[in-house]
Amino acid sequence: MPEPRVITFREALREAMVEEMERDPSIFLMGEEVGHYNGAYKVSEGMLDRFGERRVIDTPIAETGFAGVGIGAAMVGLRPIIEFMTWNFSLVAYDQLVNNAAKLRYMSNGQFTLPIVFRGPEGAAHALGAQHSQALESIYAHIPGLKVVVPSIPADAKGLLKAAIRDNNPVIFMESETMYSLKGEVPAGEHLIPLGVADLKRPGRDVTLVTWGKITHTALKAAEALAADGIEAEVLDLRTIRPLDEAAILESIRRTHRCLVVQEGWPFAGIAAEIITLVAHQAFDSLDAPPDRVTCLDVPMPYARNLESLVVPTPERVVGAVRRLLGRDDAPPQPVIAVRGR
Amino acid sequence: MPEPRVITFREALREAMVEEMERDPSIFLMGEEVGHYNGAYKVSEGMLDRFGERRVIDTPIAETGFAGVGIGAAMVGLRPIIEFMTWNFSLVAYDQLVNNAAKLRYMSNGQFTLPIVFRGPEGAAHALGAQHSQALESIYAHIPGLKVVVPSIPADAKGLLKAAIRDNNPVIFMESETMYSLKGEVPAGEHLIPLGVADLKRPGRDVTLVTWGKITHTALKAAEALAADGIEAEVLDLRTIRPLDEAAILESIRRTHRCLVVQEGWPFAGIAAEIITLVAHQAFDSLDAPPDRVTCLDVPMPYARNLESLVVPTPERVVGAVRRLLGRDDAPPQPVIAVRGR
Amino acid sequence: MDAALLLGLYRQMCLCRRFEEAAAKAYSQGKVQGFLHLYIGQEAVAVGAISAIEETDYIVSTYREHAHYLARTGDARGAMAELFGKATGCSGGRGGSMHLFDARHRFLGGWAIVGGHVPIAAGVAFASKYREEPDVTLCFFGDGTANQGAFHEGLAIAAVWKLPLVLICENNQYAMGTPLYRTLSVEDVSVRARGYPMEAEIVNGDDVLEMREAVRHAVDRARKEKLPFFLEAKTYRFRGHSVADPAKYRTKEEVQKWMERDPIGLLAQRIQHLGIANEGQLQALDEEAKAQVQDAVEFAEESPAPAPETVAEYVYA
Amino acid sequence: MDAALLLGLYRQMCLCRRFEEAAAKAYSQGKVQGFLHLYIGQEAVAVGAISAIEETDYIVSTYREHAHYLARTGDARGAMAELFGKATGCSGGRGGSMHLFDARHRFLGGWAIVGGHVPIAAGVAFASKYREEPDVTLCFFGDGTANQGAFHEGLAIAAVWKLPLVLICENNQYAMGTPLYRTLSVEDVSVRARGYPMEAEIVNGDDVLEMREAVRHAVDRARKEKLPFFLEAKTYRFRGHSVADPAKYRTKEEVQKWMERDPIGLLAQRIQHLGIANEGQLQALDEEAKAQVQDAVEFAEESPAPAPETVAEYVYA
C-alpha cells in the first residue's frame, strides 16, 4: 500500500513519465524545450539529466514534423510521449493526429497499434489572448481512433498519465498551465487509473454537475456556495472524455434528476452537447428539468482581464445556472450575450 | 421575376461564382486544379477561359499556404474564394482557419473584416477510404468567428454561395462529390438566400427530421417510406449550420413533439448533439419522446463498399429510428455497434 | 552483369505493369472502386530502388504505391484482393488501393494526404537510430509534394537529427493536371534539398539499374553515416492521375516521347543486347507475371467481403 | 550623411527601448499581463527596415512586434494602452502585446502562431500584385520559424508567383531557450532560401544603417521586379524570450559580448564620430523618448477598460 504524499500537478506528471521511462526503454519524451530548458512549464524538469538527449529530445518548432515522427516511431514499436508546448499549437499538426494517428490502425486492419501520448496544457491561463487560450477537447474527442484525457488533480494526473502511456492507442492528454502548481496527495510508485472511469469528486442529491479538468474546481467552488444555501450539488469529474463513462453519468442523473454540464470550451458542438445528448436520450424520463450547460462565451478569448473573466466559466455562473435549474424564483435570469452570426 | 431552369448542383455553384465575379473584380477563385484542369470535379469548368489566370488561380499543393494567402488578401480588401479540392485536405490548413481567419476580427477590435469563402466537397463519396471520406462541419462550426454552410439542392447551392461570397466573414462552404451532378430548378440571375435560414423541405406532423447537406435526401427518402406507413415526417433542412436557425428548429419540434437529427458526420460532439442540446433545453416540455440522432457509425470510413454502406446513414436506419421514436412496437431495436474505447 | 538479377528485375516490372492493367480492367467492370492511381511508366523507380535495399529496411509510400508494395512483398493476391475490397486483402479490405499495408514485410503504407507521410517516414528512421538498428527507411513521394509543409518539416528534422532516411521524389512531371513548372519555382525538385542542406542526386527513373545504383549508394551512406539523402527520379506516368483522369492536359507527342523510354522496354533491350535472354524468354517471364496477376484476380474475385460484424473492429487496440 | 535621418533613427530606437523598459516595469507591477516578449537589443532591425520603406508598404509581424509597431505608427499611447488591456489600445484591449494592429497605418499584426503569418504576408503581397499596386509587404519572423511548414509554404508560393514580399528573418540566435544550432542544420537561416531559390542576403542587424540599406535594396527589387527577397538580420535579444524567462541558457560572457554591440550605442558612437550631435544632444533625444513613453503609460493608466457589454462584439462583421 503506497503511502500518499503531497506534490504538485507538475511533479505528478513528471513522476508518471519518469516511472514509466524507467520501466520501459521504448518510451521517450519529445517536444519543444522539453530537454535543456527543462520544459516551457517545467513539467519535464530534470528529465534530460536523468535520461539524456537520446530519450528527452528537444525538437525544432515543427509540430507536424515531430508529431509525425512520433507516429512513425510508434508504428515500429516505440512508445513516444509527444509534448505540445500548448495544445493551441497542435492545430498546425491537426492533420497528423486526425488523418494519420486516428486512422492507421483501422485502415491497416489492425496490423499496427499506435502507443503514443500527445500531451500539454490547454485552455485559458491569464490574459494570453485569442490564439493562446483555447480549450480544444471537442475537436479531438470528435474523432474515432483517439482517446482524450483531461485530469483535474495531481493524483489523477499521475494515474491517468501512466495509464495513457501504457495504452496502445493514441491518447490526447490535456493539462492546464494554471494547475501545474496545484498541490495534492499523490500515491508514490505504482498508481494507475484506468482510462474511461469518472470520479465522484463530491456527492450530492439535488443536481449533478458533470465536469472535467481545471473547471472541476470551478464546479466544486460552486457546489460549496450552493451547500451554504442548502442545495446539494454532486460533482462528477469525467477525467476521461473519450471513452466517456456513460454509466457513471446516467447513474448520477437518475439519482439527482438534474444535469448541468460545466466545461471550459466553446459551447457549439462541444463536449457538453454530447453529454446532454446522452442524458436527454438515455435518462429523459428521470429528468425533472431541462439539462443545461455552463461554458465559455461563444467568442475568441479577449486579452483584457475584465473581458476574459466574463468569458470563462465562474462559480457564480454555475451557481446561477443551478438555481435556474432548480426553479428558484430568486434565480438570476439566463445571461443573454448576443453574438451576431451565431 | 427570374424564371427557373433545371441545372446541376455543379452548374449552380459555378453560376454563383461567375455572376459574383462579373459583378465584383475583387473576387477571385484560388485552389488546386481550379484553372487549367477546370476543377478536380469540374465545378470551375470554363472559368479560367472566362476570367483568365489573374482571377482563376491554380495553386501548389500547399493548403496552409494558399489558405493564408486568401486571408492576407482579404485583410486588404479582396474577396477570395478558396477551393479545397476536398475538405479532408483542409486539415493541414486547420490552423489558418481557426487561429487566423476566425480570430482576426475579434483580436483587432473590428479593424479588419475578412470576406473570404472556403469551399469544396466533404463527406463520403464511394469507397474513398478513411482519409478521403470525412464530414467535418463539427470541427469548423465549433469555432466562433466562422460561418458554416452546407446546401442540399442546386437552388440553395447558388443562393447560399452568392450570399456567402457577399458575406463579410470567413464562410466554410461544404459541398459533396456525390451531389455535383444532382439536377434541380435554379433561378437564373440574381438569387440570394440569406445565411442562417433553414428551409422546410417536407412538412409533416408526427416527427421532425432535422438535417442538412447531402443527407437531406436520405431523410426525404425515409420520410417517403414512412408516409406509405401513415407516418408524416417533417424534413427541416438547416442549410446553414452556423449561424443556426434555432427558431425554425424549435418551431417545428413544438409542432411535432419529436426530434430526430440526421447527419453524416461522427456522433461524438457532432452537430446533432448541438441541436439535441438546443431542443432538450428550449423545448423540453413539448417533447413526447427523447430526442435522437442518426449519424455515421463512430469509426473511420472503411474502403469495402459493404462496410461503407453500414457506416453511412441510410433511409432504413432513419425509418427505424423514427419508428423507435414513435414507440412502434414493431420498431427495430437500436442497433448496437460496440466500439472499444468509446 | 548478373543475369539472374536483370531477369528478376524484368519479371518484377512486368508484374507491376500487368497488375495495374488488370486493376484498371477490374475498375472498368466496377470490381475495383474509389480512386485508382496507376504507376504504369514509373516501374523502374520502385523496382530498382527496392531491389537495392535489405528486406529489413522500411518502406513508406503514397496512394500510388501498388508497385512499391509488389516489389517488396511479391504479394499480388493480397494487393488485388485489397483493391477488390475483400477480407483477404493486405489491409482486410478496409484500406483500399491508397492504403496498402504489410507490417510483416515492413511495408508501412499507403498514405493519401500529400506530404503527410514524410514526417512519419522520418519517425521510422528515428526509431532505427534510437534503437541503434542498422535499418534505413525509404520514403517515396511525388514532385507536387515539395510545396507541402509536412514535406518541409520532415526534411528539416531528418537533416538536423541526421536520420537514416532516403527520400525518393518520383518526378513524373505532373501533380494531377498541373505540370511542375506551374507550381514549382525550380526545374529540379532536388533543388529543395539545398535549403537544409542535404545530399541530393538526380537519376534517370526510367533506367532500373541506374535507379538501383543510386539507391544503393544513398542507402549505404544513410546506413553508415546516419545521414538523409534526397534522390530525384525523373520519370513519367503513362496514364492519367487516376483512372478517372483522361489526362487531356498532355500532348500525344509528349506522351509518345516518354513511352519510347518505357522502362520495361529499355530493360528488355539491354537484356537482349547483353545476350542474357532473347525476346521469347522475356515473353515467357511476362507470361509468368500475367499468370500470377490472373491468379490474383481470381483469388480476389473468390474471396469474401469483410464480415459486416467486423465494421467496428480495429478502431482501438 | 543626412543628420536629420540619423537623429530620427536614434530617436526612434530610444523610443522602442524606453517603451519596452516601461512595459517590463508595468508587467512587474501587474499592470501588463499575459506574455510580454521584449525586443530590446534588436531595435536596429525594425527601425532600420521600416525607415527604408514607403508608408503605403505593408508590415506583418509576430508576437515580438512592439518596435515594428512603434517604428511604423509612432503611437506609443495606443501600444501601451493595448498592453494594459485598455479600450484605448490599438486593438481595443482585445489583442494584447502579441496582437497589435493598426489598419490605417497598414500595420497588419501582431500574430502569435510561429510561421502562421508568413502565408498571410504572402497574401497581402499577392493583393498588391493583383491590383497592380506598387506596394511591397515586409514580413518579420524569427530564426526558429524556419522549420515550420507555414514558413515553407509561404516562401514556396512567394517564389513561384513572384510576389513583392520581403522576408526579414531576425536571427537573434535563440528560439526560446534553444540555440539555433540545436534545431537548424545550417548556421545561416538564409541557406533555406536556396531551396526555392530566392535572393538572400545576410546583414548586420545591429547596424541600423546597414539594415536600412539592405531593406531599401530588397524592397526596390520587390517593387520593380515583383520578386521576393530573403534578408537575414543577425542580432541578439538582451532579455529572455519573454519577461518570464530568466534566460539561464546563456552565459554572462555571451550576453556581454553582444551588449557591446548594442545597436543604440553603435548608432550613438557613429553620430558623435560624424560630429552630427554630441552626447548631450543625444541624451536630450532619449529624454524626449522617455517623456513620450511616460505620457503613454499615464494615458494607459487613465484609460478605461473595455466595456463589459462589448465582450461579444467583433466576432462577426
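Observations on the structure shown:
A, B, C and D are the chain letters, set down in written order, and residue numbers restart from 1 in every chain.
In this section, a contact is a pair of C-beta atoms (placed from the backbone, for glycine too) under 8 Å apart; a residue touches a chain by one contact, two chains touch by 3 or more.
Since we're looking at a predicted model, the values are computed, not measured.
Counting hops only between chains that touch, chain C reaches chain D in a minimum of 1. Note: centroid distance chain B to chain D, computed from Cα atoms, is 41 Å. Chain centres here are Cα means. That of chain A falls 36 Å from that of chain D. Centres computed as Cα averages put chain A at a distance of 29 Å from chain B.
The set of chain C residues touching two or more other chains comprises 91, 93-96, 99, 111, 113, 116, 147-150, 153, 156-157, 160, 182-184, 315-316.
Chain A has residues 59-60, 62, 64-65, 88, 91-92, 95, 99, 106-107, 129-131, 144-145, 147, 169, 298-300, 302-303, 339, 341-342 in contact with two or more other chains.
Chain contact topology: the protein chains form a complete graph, every chain touching every other one. Against chain D, the residues of chain B that register as touching in their complex are 28, 54, 59-60, 62, 64-78, 92, 95-96, 99-100, 104-115, 144-145, 147, 168-169. Listing the residues of chain C that touch chain B in their complex gives 33-35, 82, 85-86, 91, 93-99, 111-116, 144-145, 147-150, 175-178, 182-184, 249, 305-306, 308, 310-312, 315-316. Residue ranges of chain C in contact with chain D, taken from their complex: 146-153, 156-157, 159-160, 182-186, 191-197.
Looking at the complex, you find that chain C touches chain A at residues 58, 60, 89, 91-96, 99, 101-103, 108-111, 113, 116-128, 130-131, 149-150, 153-154, 156-157, 160, 313-317.
On the side of chain B, the complex with chain A involves touching residues 64, 88, 91-92, 94-95, 98-99, 102-103, 106-107, 129-131, 138-139, 141-145, 147, 169, 195-196, 242-244, 266-274, 276-277, 279-282, 284, 287, 289-293, 298-300, 302-303, 339, 341-342.
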